[in-house]
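Can you read through this structure? Questions will come right after.
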Amino acid sequence: MAGLIDIFAQGLEMLLVVGLAPLLVGWVRKVKAHVFRRRGPSLLQPYRDLLRLFSKDALLAENASWISRTAPYVVFAAVWVAAALIPTFAAGLVFHWAADLIAIVGLFGLARFALAVAGMDVGTSFGGIGSSREMLLASLAEPAMLMVVFTISLFAGSSQLASIVDFVLAGGIGIRPSLGLALVAVAIVAIAENARIPVDNPATHLELTMVHEAMVFEYSGRHLAMIEAAAAVKLLAWLSLIAAIFLPFGMAPGPHSGFGAMAVGLLAWLAKLAVLATLLGLFEASIAKMRVFRVPEFLGGAFALGVLATVLLFVSRGL
Amino acid sequence: MSDLLLIAVLLVPAVAALSLAFVRDYRTGATLNVTAALLAFAASVALLLGDRPPAGELLIVDDLNTTFVVLNTLVGFTTSVFSASYIGHELDSGRLTPVLLRFYHAMYQVMLGSMSLALLANNLGLLWVGVEVATLTTVVMVGIYRTEPALEAAWKYFILGSVGIALAFFGTVLVYLAAQEVLGEGLPALAWNRVLEVAPRLDPRLLDLAFVFLLVGYGTKAGLVPFHAWLPDAHAEGPTPISAVLSGLLLNVALYALLRFKFLLAGNPEAFAPGPLMILLGLGSLWFSALMLYRRRDIKRFFAYSSIEHMGIASFAFGVAGPLANFAGLLHMAMHSLTKSAIFMAVGHVAQARGTQKIADLGGLVRTHPMLAVGLGAGMVAIAGLPPFGVFTSEFLVLNSAFAAVPSLAIPLAIGLLVALGALLLRFVQILFGEPSAQGEPVQAAVWPLVLHLGLVLIAGVVLPDPLVRWFQHVAALLG
Amino acid sequence: MSALAIELVVAAVQGTVGLLAAASRPGRGWAFFVYGATAVASAIGFLTVLVFLSSGSPPAAVVLPLGLPWIGAHLRLDPLAAWFLLVLHLGSAAASLFALGYDAEPPRPRAVLPAYAGFLAAMNVVPLAADAFSFLFAWEAMSLFSFLLVLVHHEEGENRRAAYVYLLMAGFGSVCLLLAFGLLAGRDGSYAFADMVQHRLAPWAAAAVFLLAVLGAGSKAGLFPLHVWLPLAHPAAPSHVSALMSGVMTKLAVYSFVRIVFDLVGPSPWWWSVPLLVVAAATAVMGVLYALMQHDLKRLLAYHTVENIGIIFLGLGLALAFRASGLALGAAIALTAALLHVLNHMLFKSLLFLSAGAVLQATGERDMEHLGGLVHRMPATALAFLLGSMAISALPPLNGFVSEWLTFQAILVSPALPQPLLHYLVPVAGALLALAAALAAACFVKAFGVTFLGRARSSAVADAREVDRFQLAAMFGLVALCVFVGIVPAGAIGLLRGVTQTLAEGAVLGEGWLTGWLSLAPAGALRSSYNGLVVLSFVLFSAGASAWSVHRFASARLVRGPIWDCGYPDPSPATQYTAASFAQPIRRVFGSVVFRAREQVDMPPPGDPTPARLVVRLVDPAWNWLFEPLAARVAEVTERLNRMQFLTIRRYLVLVFLALVALLVVIALWQV
Amino acid sequence: MSGIDIELARLMATLMLVVSFMLLYQDRLAGLINAYALQSGLLALAVAAQAHAQEAPHLYVTALLALVVKGLAIPLALHRIVLRLGVHREIEKVIGVGTTMLFGLAVTMLAVLVVLPVTETAAALTREDLGFALAIVLLGLLTMISRRNAVSQVIGFMSLENGLILAATGARGMPLVVEVSVAFSILIAFIVVGIFLFRIRERFDSVDVHALDRFRGELP
């Protein structure tokens, strides 16, 4: 019985993550449209886009190899698994111990690697430009993220998200300057990782500025749909991650904490997502896209904040 | 019996030298030369294995010199074999004439005999005579090609050698003076074993003074910097068998002579400790020659500097003193002697095959002469102090003993070794590999002396024969 | 027969095979014999140490009457040695198997075969040697044989230079190790390791040993800036030898470091970890940055060896720090991370070098700018290279991730250290490690993408054929191991138990260390855990489920069309992104500082048909700031000294006279 | 011990030292050769005195040798060489006379300094004798290096050798002295012959491989 609940909770989370991701994307777009005083597309437009793509035949270049065909699934799977391992409405789900925060970062890395490789498959200059820039951004974002991971893990004594959640919920941290710095850093990293403005613009097709879109240029149909879906899930995962670390309030401590706690956790999670997505939309609407070579400085700032967070941690701890 | 052997070791070369002077045909001469060298070698081996004759006033056989005598006669023998195949080519190319060869063979035996005499001498005067006769004969041999550079080299060798001779003699006189106080007049006061017995009672100041002169005198022969000047040219301009013998034997004999005197100083507690001086000269030689190696364009001169380097290492080891360091020094002398003579044999053939001694023109040897390349390559690897050859063992011991005694000393030594290694490797790669600039001609090479030498060095590198170790250890303990 | 005896026999067999090959005139048949024999011997050796490690057998020692008679050749098999032998045998088995597949034309058998077998034998002895003499003997022999292997294609001047630089640096390393052993042995010259352990060195001496070990092992392993020989020499050798040099030989350097610093020296102060961490982090980042600037496939891989050596030494540095403060658990985690990475790096680096060798064999090209599109011609090799790339980029669920994950876990233990300096240093080193890993991923996207993907850039690729079954077997054997260690790391880590027990203050990683389902939880279950198997199954399940459902419920048709490329399909393969263009953003961000990269564009005026040119100039800091000035100084000194060769006799006599006078003065002063 | 003969020997030794300084001082070849002949003659006397003092008749041979070969034959030969080869009469010095003399004095002091600590009881040869011999040896070497002229360099070497013989004969009962002195005489003869044979007119310097430098236009 207990095992069944475990599996159920985990399965529910996985389904929710996939199911809600397009909605989240739609929400962000809606927020931005509102800011621009437009009506904007329906909240459900991302679902429609995906369905349309799924129903079309996939068109691949003549010289595309099996890499192009498998990469979308690998990308999607890696992101999905990462998202599934992040506590959303309940911490300590059945497979939570399979991967800690570092492994989750690693899974995102796997997805990125697969996509970047796929971008090189056909041999176009756009694919190359996208992969090259993506890997540059990642190489800057990853250390910054790791510094955040260090800060948080050093606080919580663990890099396991469930333990971090427990720790924060137990009031182990309080409000610390390092935590604020880490939050800013992780936000920057999240923006970069999800190819949002000002680092990248998911809506652009202007050659010189695009990163993510350039990689997926040659994709169409179901492959493109998988990649789009993966991007949506990734956004959701990152927002959930921020929520889990910095705002774990209301989260159910585990799958066995009863239906009520689960329901509360679910509602809290949805609320947190809505807030964060709104913030993201507002932020995106209020800022312009950066030049590509300004981005390293932006991410370098995140890294510096991460380092600062770690250093301040030791100061305030008095170790 | 053992007395007879002792005499035989000395007499065989003497007789051979006399008879060789009268042999017209160079082939017969070469054969006779090889035979005599073999006989001397056999006698010395028998001497090594049999009972030791008691030390006389003039001659002595002990742990120190038996191994060196065997080594000397062995290298003398193998080099004579090499020489036999070498001179054929020289005769063909007109660099030597049959008359000169008669002279050459006779001198070769005189040289071997005098070196054996120096090694076996108990009388310090006799030791001096042996070294000097060997020097003078090699002077003549170096100039045998009678080319301008050869004569110049011989002349330089002659002049610097003569000064060395003179200073060594002065040192010997001083030792006699010191010994005569205790032992009385006449032969006993020059007999090394007698002097050693009374060494603690000798006037330490006289010994100090003597050692300075002996160091400069015999150091000149051993090629220690700054007394080395004759050595590179003599090696480069003379016939290659002579270079082999010079590097392999004469340098050793000179250092051996120095060791004999070092015994005396070690036996006298008040005497100046010669260690620092030898370390200084050794390090100087090592550093200097290591740096000089980089600029050498002539392959024989290159290896001549390498000989200076190794004499420096040996001298350094003896300077460090202590059983381990002395052992290392003795081993290094033996290993260097075998290796360097092997290298010169290979170099001799290579130079004949390619018709040049210029390093720049020798490239790509593995392509043109694979066998010679392997021989020369193995020799260079060995002399560079890389395993599995015996020089590795001795350099390992030298470095470690230095470290054990004065750690700070090991560092300049190590750097010097590295600098030398750099030069050796540079030439190793340059000579053996790459596209050959010229094909060269095939040569009739006597390969087995080379193989024998390197084989011995290899064996010593893998497992040192126990008796050798015991002899050396005994001597090393005495050396203090 | 004991494990030690079997190991010795294996070494002896390899040596004998080499001798036989040297004595004969080896051709194809000999190649088959030599590689077959070494492969079988390595396999036997591997099984032996595997049994030895998993059964937790006690160390075995033997003294052979070789070498210096009064000490003999001490040989000892303990868990540490066994671990490195395990790595060695796996690597050599793969390399030999690969070499068996040189069916058409084994590269220069006369030059390669004896040296190859000798190289293996020497490497085999290095971990077994238990006295300074035998160790250095084997060590130098290892250098020497690999030097000869680097010289196999000696007609190219570049290779000769590589070999020269290599052996010179190796000589430097050996001298440093020799001096370290000299200090350890003490005055009585007790060279046996067993005696050295007994010695308690003075602090300065211990520190000197440590520094010498860093220099000695570091120069052989390729720590920045002593790495310069590595990217020259490793690519120059035949590919299976490159795999061994990068995968195994550098690991033996790590072994020597661990042996000296963790075992022989004994307790160490905490500050030792500081220089080590700094150098290691610099090595990791510099290695990968160098690699990014390369377009020679094998040289790129060689630079990645430098990077990974940095990662390994980072782990070792952490272990030192923990051990000095008595944090046994942290030390055990860090040491395990480093030693596991030793295995992992051997696996994926050998794999990558072998695949690069396959490419080289098929196309004759090492320059990525001339390759491209090989995934179509050599699909299996491409798959192997891809998996190797993922492993080296530390992507889960492959093995590279496991060891980096462990390193990060060790970093997370660092707050327990009492030294404030380390509190700051360790996380920064960790961030640099993350930077290196991310850059490595970028580099391998480049390497794989430019080499295997896209369209062929030269005719060499068009005629490429997939390599034969031996070579594929070698590669996929390594792939299997990469995956296996990635998903069941506990198996490999369990073998390391004996090592950490002896070297990390006796810490046996807690029983919670390997919790249910073979997941890793080094510091107790509450801390952090990782389970590669679950992650892999999870990913596979998700990918499979999504693929299945997409194909089932949505479109399953695939239409092929021309390349779209934003509407500008250019048929010329030259318009593809090249290795240089891929690296351009990174070069601009990092290279402008580190390599003082300068780009110069010559753009002809409009109407001028001459091609535009982009010239990139890089300055190698190691050469520019360290080695070239050194070489110049030596050249200057030799130039000056060389006048001594051309003096007149009189001047030489002046020297003699001055020396004599000086000696007399010394005597006079001495007597006063 | 200090019989008249010993006193004579010591006097001769002193004079030899003085002549060594004369050798350093000379700037003409003829004068140099004559000074050397003088020193050899003094050596012969010293050795004869020693022979008498030590009651070692074989030393007379050495004395005779010194007188005949070194005192007469070699100087004569050298004079002829100078004439035949047309060597410059002037000696090209490396450093000035004054400096050379200063060096000579310093070297002599050094010689005295190093023999001072030798135990006074040394019966065979007193400290003074040893000091003289040492000084003569060093001055001989100094003579060799302070001139560029081959003949004067040879003379320097021979003067050095005179010092050796002085020391050797002074050492009471030293074996092989006669043989050694004969050997040295032959050595010197070789050098002289070598100079003549190789027609080394000005310097017996050599330079290494640089062919252009090798002759410096000096060899005929």
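Read from first to last, the chains carry the letters A, B, C and D; within each, the first residue is number 1.
Note that in this section a residue touches a chain if its C-beta (ideal position, glycine included) is under 8 Å from a C-beta of that chain, and two chains touch if they have at least 3 such contacts.
The model shown is predicted, which means the values in this text are computed figures rather than measured ones.
Student: Quick one: which pair of chains has the most contacts?
Tutor: A-C
Student: Could you work out how far the Cα centre of chain C sits from that of chain D, in whole Å?
Tutor: 68
Student: Roughly how far is chain A from chain C, centre to centre by C-alpha average, rounded to an integer in Å?
Tutor: A distance of 35 Å separates the two centres.
Student: Once you find the CA centre of chain A and the CA centre of chain B, what distance in Å lies between them?
Tutor: Between these chains, centre-to-centre, one finds 77 Å.
Student: Please report how many Å separate the Cα centroid of chain B from that of chain C, as a whole number.
Tutor: The computed centroid separation for chain B versus chain C comes out at 43 Å.
Student: Got the chain B residues that touch at least 2 other chains?
Tutor: If we look for residues of chain B contacting two or more partner chains, we find 155-156, 159, 163, 167, 205, 209.
Student: Could you tell me which residues belong to chain D and also touch two or more other chains?
Tutor: 114, 117, 141, 144, 204, 206-208
Student: Give the residues of chain C that touch two or more other chains, as numbers and ranges in rising order.
Tutor: 645, 647, 649, 653, 656, 660, 664, 667, 671
Student: So, with touch as defined above, which chain pairs make the list?
Tutor: Every pair of chains meeting the touch criterion: A-C, B-C, B-D, C-D.
Student: Which chain C residues qualify as touching chain D in the complex?
Tutor: 645-651, 653-654, 656-657, 660-661, 664-665, 667-668, 671
Student: Quick one: which bits of chain B touch chain C in the complex? Just the residue numbers, please.
Tutor: Contacts found on chain B: 155-156, 159-160, 163-164, 167, 205, 208-209, 212-213, 215-216, 220, 226-227, 229-230, 232, 272, 277, 288, 291-292, 294-295, 324, 366, 381, 386-388, 392-393, 396-397, 399-405, 407, 410-411, 414, 417-419, 421-422, 425-426, 429-430, 433-435, 461-464, 466, 469.
Student: Okay, in this complex, where on chain C does chain A touch?
Tutor: 372-373, 375-376, 379, 382, 386, 390, 393-396, 401, 405, 408-409, 411-412, 415, 420, 423-424, 427-428, 430-435, 437-439, 441-442, 444-446, 448-450, 453-455, 515, 519, 521, 525-531, 534-535, 538-543, 546-547, 550, 553-555, 557-566, 569, 573, 575-577, 581-586, 588-589
Student: Which residues of chain C touch chain B once you look at their complex with the stated criterion?
Tutor: 65-70, 132-133, 136-138, 140-141, 143-144, 151, 154-155, 157, 160, 163-164, 167-168, 171-172, 175, 178-179, 181-183, 185-189, 191, 208, 634-635, 637-639, 641-642, 644-645, 647, 649, 652-653, 655-656, 658-660, 663-664, 666-667, 670-671
Student: Report the residues of chain A in contact with chain C in the complex, numbered from low to high.
Tutor: Answer in residue numbers: 54-67, 69, 73-74, 76-78, 80-81, 84, 95, 97-100, 102-103, 106-107, 109-110, 112-113, 116-117, 119-129, 131-133, 135-136, 138-147, 149-150, 153-154, 157-160, 163, 205, 207, 217-218, 221-222, 225-226, 292-293, 296, 303, 306-307, 310-311, 314, 317, 319.
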